[in-house]
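Have a look at this one.
Lettered A, B, C and D in written order, each chain numbered from 1.
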Amino acid sequence: MKISIMGASGYTGGELIRLLLNHSKLEIAHLTSRQYKGEYVYRVHPNLRGLTSLQFIDHDLERVIQDSDLIFTAVPHGTAVKIIPKIVERGIRVIDFSADFRLKNSEDYRLWYNYEHPHPELLEKFVYGIPELYREEIRRAKFVSNPGCMAISSILALAPIVKENLVEDRIIVDAKIASSGSGGKPSLFTHYSERYNVVRPYKLVNHRHTAEIEQELSKLNKKKLKICMSPHAVNMVRGILVTCHSFSKENINLSRLWKAYRSFYANEPFIRLIKDKKGLYRYPDPKMIIGSNFCDLGFDYDERSKRIVSLGALDNLIKGASGNALQCMNLMLGFDEREGLNLPALHPL
Amino acid sequence: MKISIMGASGYTGGELIRLLLNHSKLEIAHLTSRQYKGEYVYRVHPNLRGLTSLQFIDHDLERVIQDSDLIFTAVPHGTAVKIIPKIVERGIRVIDFSADFRLKNSEDYRLWYNYEHPHPELLEKFVYGIPELYREEIRRAKFVSNPGCMAISSILALAPIVKENLVEDRIIVDAKIASSGSGGKPSLFTHYSERYNVVRPYKLVNHRHTAEIEQELSKLNKKKLKICMSPHAVNMVRGILVTCHSFSKENINLSRLWKAYRSFYANEPFIRLIKDKKGLYRYPDPKMIIGSNFCDLGFDYDERSKRIVSLGALDNLIKGASGNALQCMNLMLGFDEREGLNLPALHPL
Amino acid sequence: MKISIMGASGYTGGELIRLLLNHSKLEIAHLTSRQYKGEYVYRVHPNLRGLTSLQFIDHDLERVIQDSDLIFTAVPHGTAVKIIPKIVERGIRVIDFSADFRLKNSEDYRLWYNYEHPHPELLEKFVYGIPELYREEIRRAKFVSNPGCMAISSILALAPIVKENLVEDRIIVDAKIASSGSGGKPSLFTHYSERYNVVRPYKLVNHRHTAEIEQELSKLNKKKLKICMSPHAVNMVRGILVTCHSFSKENINLSRLWKAYRSFYANEPFIRLIKDKKGLYRYPDPKMIIGSNFCDLGFDYDERSKRIVSLGALDNLIKGASGNALQCMNLMLGFDEREGLNLPALHPL
Amino acid sequence: MKISIMGASGYTGGELIRLLLNHSKLEIAHLTSRQYKGEYVYRVHPNLRGLTSLQFIDHDLERVIQDSDLIFTAVPHGTAVKIIPKIVERGIRVIDFSADFRLKNSEDYRLWYNYEHPHPELLEKFVYGIPELYREEIRRAKFVSNPGCMAISSILALAPIVKENLVEDRIIVDAKIASSGSGGKPSLFTHYSERYNVVRPYKLVNHRHTAEIEQELSKLNKKKLKICMSPHAVNMVRGILVTCHSFSKENINLSRLWKAYRSFYANEPFIRLIKDKKGLYRYPDPKMIIGSNFCDLGFDYDERSKRIVSLGALDNLIKGASGNALQCMNLMLGFDEREGLNLPALHPL
C-alpha cells in the first residue's frame, strides 16, 4: 500500500511521518510541501535524521493521486476544500486533517466559520473520524475527516454520559492546551519569551471547534446540547487536558459513572479509564500520555451540586491528530487497528 | 512599629520578609522557625542574601508577643489555632495565614475540615482579609484572617456579578495553580521529574477552600450559592488563574458586565480590569502579574448559552498571600495602603 | 530468552521495561522492587498502564537467578556489589547499571569513591558497556557494566579526537543535565519550586563520574589524560548535553575533525554527526533526541585559540542508561543490535 | 532631571521603564518607538498597566535632545551609531545599549563585526559601563557604553583572577542564556515549540561579544588574553550563567581565590560572593537573582588539573542590561548608586 501526505512539513505532518516509519505495512509515496520542496525531510523534522532520506516534493496533486492508495491532507483550513474534491472525484481514499469536512450541515460553516462552503454536497460523504464512535463507518469509508484535538478529547470525555442522557443540556469544557497545537509558524503569540509560563485564556467564547463537539454530542444525545468551551494555552509543547463540567439531571453516584464509561469504552484499545484512590496518578494528566496514542479518561462526582467532572487527556499530535488519523487508516485499509501505534508514553518527561 | 512573623521559613514567610524589607515604616522584631532557629534568613531564602543579616529564632511566643505591635502567623493549619488565642488574649494585632479563622460558622469546620474547632468563640472576632470587600472593617480590626490564594482570586473574580445577583446559583471555578502554593516541603507530588509539564487535576470535588469562597460570595449575594471548584497543578512556580463559569439569569451583554466590574472596583489600587480586543494581552494571565500585588480581572459573555466567564489572575505568594496580608497590615496600622507594594511585575519572565 | 530486572521501580528500570515491551524476542521473568513488591508495575510507571499487567516481586535473588538468562541490575551503587558476585558465580549474564564495576583499577575506587572495593578480582571480568568502543568484547561478554550518562556522552563526544591524539592532555567537560538523572526520590534538591528554572552548578570539581571518563579516554589515547568535568542541573526532565572544550596540539581545521569523527563512527547505528551550516538544527541538542537511542555528536574549531568544541547529546534514560543497556544485551544475546531501539525522537516536545 | 529612552519598546527598554518608575529622582521625558508610536506603553509592556499612562512617540531625535538631561539609546546595533554622534555633538549625556561604542579599537569592529566603524574618533570618548571596574570614570563620563549581558557576567566572574595574573592565557567561557536576551521579535529560533526544553549551542566559536570581554580582561591583565566563549540557549526567559574554566599558572588553593575575589569586590553593592559548603545554594544560579540587580559570583578549584572554575550569574535584563545602565546613570548624575535598584530577587520563581 502506498500513501502520501500533502502538507507534510507541519508538526502534524512530521508526526505522521514518524508514525508511518514505524508501520510495517506501508510505503510512503510522496510528501509534499510548498515551502520546503526539494529539502530533505530531516532538515524540517530533525528527529527523523538518520531514519529517512525522503525529500519533500511540491504540491503536485496529479502525481500524488496517481501514486497513492490513500492520501493524508494536512494543509490549512480553506486549502483542503480546494484539493479534496479532485481526490474524491478520482475515488482515492483521503483522510483530511482540516476542519473543511468535519461539519455535516453547511449552515454551521456560515455560523461558526463565517464561510460559504463551496462543496456542501461532499459533507455527507465524509465520516467524522473517531474510531470509538464510528468504527464500522470508518472501515467502510473512503473519505474521513480527522477531528480537531480539543474536539476529540472533549467528545471522548463526554460521550458516555451524554449517550446515556445523564446531564443537563449546557456543558462547560475548560481546555488546557500545549503550544504545538498552534503549529510551527512563528508569531508573537508563540514567541518563547511571551509564551513561556503562561496560563493564557483565549477565544473564551464561540471558539470554532465548539461546532464539531456540539454536532457529535448532540447526535449521541439525540437532542441539541450547548457546549461552552474555553481554551487556555499552558506551559508545555505537547498535550491537552479538557476538564468538562456538567450537571446531572438526577442524583447519581460514582458507580453510575463507572458503569457508563466502562460500558461505552469496553475493549477500546486506546482508551484508559483513570480514577485511582491513592498515589500520584489519580486522574488523567497529559504528562502521562505524551508519545502514545492513548486518550486517558476520568471523572468525579460532586453530590452537593450534582456536578459531573469529566476529564480527557491526550497527546494533541498523536491521538489528537496524526495517531488518530493512522488509526482510521488502519481501519480503512483492513490492517490491525493498533499497527504502528503501540508506543508507550515516555515517563518521566 | 515592630512586627514579627511566626513561621517565617516557608515560602509565604520569605515573601513577607522580602516585602517588609521594602517597607519604609516598619522594623522586624522576630522571625521564628522551629526547623531553622539560629540560621541566617538568607540561607533559607537565598534571594535575601546581602539584604538582611537577620536570623531565625525558635517559636518563643512570649518573646514575640512582648516585642511586637503586630504578628503575622504563617504556621500550618491546626498550629495557628493553638497559638493565636494567646495573642488575642494579650490584645496584640495578628494577621493569620492559616485557614483556622477564615470560616465564621464552626459547623463549616466540621463539614469541610472534619474538625471540631476548639475556639468557636473567636471566629467572629476575625475579619476575612480582603480589602476590596472589607476595607473599613480591616482598618478597625485587630485580628485578620488572610484568605487562601484560590479563594481570594475566585472571590474577586466573581464578586461583582454575585453582588448584583446576575447569576444562577451554581458556579464553576476551574483553577490553574503554580507549585509554590504547595509549599517548600519535598514530596512525590512536588518532585520535579513528576511535577514538570503537568496539567494535573487534584481534589476535583469538595476542596476545602470551597468553604470560604461560598461563605463570602453567599454573603454578597444574600442567598446561598454553590461553588464548584476544581484545581489543576500547572507547570510554573508562581501564579494562579481561576476561570469561573456561571450562567446569567437573564440575557445580558458585555456592557452590563463592564458596568458591574467597574462600579465594584472603582479606584481599587490593586485591581486591574483586562479585556482588550486586540494584541496579545486580552485577558488576565498570571504571567503578567508575577512579582506584583495586582489581581487582574477579566470576563466574557457567551450569548448562545448565557454563560459568563470570569477570570482572576494573581501571584499566589503576593496578592494571594503575603502582599495581601501586608495590604491589610497597612490598613490596620494606618499607613498608605500601597506602602511597600508598589512593585511592578516582571515582564517577560 | 528470559530476562529480569532487579531494582525495576526507578526511572531507569521503568525505561527498560518500556523498551523491553517493544522488543520482539524477549520474555520478562521478574521485576523486583523492595519498596513496591506486590504492586502493579503501572502504578509506579504510569505510562505503562494498559500495556502490562506485571507486578513487582521482592528482591528474591535466587528466584531471579533460576528463572533468567540475563539479569539487569538497576540497584543503587553499593548494593550492586553485594548482589552481583552471586550472579557471576552462577554464570548468569548480567548488565549492571551502577558504578560498582565500571572502574578497572580498584585503586580508583579508593581515590574517587573513598571506598575499598570488596571484589577487586571481579573488575576485570566486566566489559565497559559502550558498543561503539567495545562491540566485539560485549558480544563475547557475560558481564557488562553500563556507563553513567555523563560518562557515555563525554566519551562518545571526545573519542575520535582523543584516539587520534589531536588534543592537549587537559580536557574540559561542561555538562548540562536533566532532572531524571537524579532519580525518583524526592529531596529539596529536586523539589519542583527549587528545581524549576535553574542553571544550577554542582560538584564542579572531582565529580565521581570523571573517573570512568578518564579511564576510557586515557586508554584510547594511550596516555593519561586529565578530564575536568563540571555538571549543571538545567530546566528539563530528560536529556544531557556535554560541551567539551579541548585544545589541539597543532593547527588543524574542520575537515580534519570531520575526518576523525566520520572514520571513528562509520556505520554506527545510533550515532548521528550534526554540524549544519544553516537552519535551526546546526549542532546537537538534547531536544532533538528525547525518546530515541541516538547520541548526537557535533564539533567546531576555533582557529584563534586552537580550541576544539566537541558536543554530545543524548536522552539520559535511553542512550544514557536503559537503551544503551538494551543495545549491549542485543549484542550479548546475538540479536540485531537495533532490536527494540528503532524509536524516533519526538519533535516538537 | 529628565531622561528619555530611544527604542523603548524592546525588552531592555521595558525593563528600564519599570526601573525608572521606581526611581525617586527622575522624570521620564520621552519614550520613543518607531513601531509603536502613539501606543500606550502598557500595551507593549503589559506589566506596566495601571502604573503609567505614558505613550510612545516616534524617533524624534531633536525633540528628545531638547527635553532630556540624559538619553538611553536602546536601538539595534548599527542604528545607534547613526543617532549618537548628534547627541554627543550636543553634549547631552548618553548611555548606549548597543555594541556600537563598546570596542576601543576600530580595527576590532573590522575583525569581529566585519564592519567599518563610521566614527572611530568617538570610541575613546565612551566609558565601558561596568561600575565595578570604572566607577570613577563613569562618575565623570558623559558617554557610557553599556556592556552586553554575556560580557558583563564573564568580565565580573574573571576580573579578580585575571587582574592578579593567576591564570594561563586561554580562558573558556561556557555560557547558558535565557530567551529574553534574543529580544522580542518572533522567529523560528524563538518559536516556543522549538525553543522550549532546549540546551541549544549556537555560535560556538567567534561570537562577537568575545571582543569586548577580551578587550577588558586583557586591559586588567596587562597582556593579551584569549577568551573562548560558547553560548547555549537554555529553557528559561531570564537569567544567564557563565561557567569560566581557566588554568592557574601555579598551584594555588581556595583561600587564594577567596582573597582575590574579596579584595576585588570589597563593598560592591551589587556583587555577592557565593560559595557555601552545605545547603542547596552553594554556587551562583540565575534562579536566585531574577528580578534583582545582583551579579552573584562564585568559584572552585581543581587541584588535580590546576583548573579554576569561575561562575557569574545575573538577570540578563537587569544587571545584564537596564539595571546596570541605571547604576551607571546614578553615578553620572550624582545620585546614590543604589537608587531604584534595591529590588530583592523573587524566590521561588
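To be clear about the criterion, contacts are C-beta pairs under 8 Å (C-beta built on N, C-alpha and C of every residue); 3 or more make two chains touch, one makes a residue touch a chain.
From a predicted model like this one, the values you see are computed outputs, not experimental measurements.
Centroid analysis (C-alpha atoms only) places A farthest from subunit D. Subunit A maps onto subunit C through a rotation of 180 degrees [Cα fit, steps of 5, range 0 to 180]. Each chain gets a centre from the mean of its Cα atoms; for subunit B and subunit D, those two points are 36 Å apart.
Inter-chain centre distance (subunit A to subunit B, centres taken as mean C-alpha positions): 38 Å.
Annotation for subunit D: residues 11, 179-180, 184, 188, 193-194, 196-197, 236-237, 280, 290, 348-349 touch two or more other chains.
Of all residues in subunit C, those touching subunit A in their complex are 11, 14, 18, 21-22, 43, 45-51, 179-180, 184, 237-238, 272, 274, 276, 279-281, 288-292, 294, 342-349. Residues of subunit B that touch subunit A in their complex: 170, 172, 174, 176, 188-189, 193-194, 196-202, 204-206, 226, 228, 230, 232, 234-236, 239, 241, 243, 245, 247, 280, 282-287, 290, 298, 300-302, 304-305, 307, 309, 311, 313, 348-349.
Only residues 11, 179-180, 182, 184-188, 190-197, 236-237 of subunit B touch subunit C when the two sit together in their complex.
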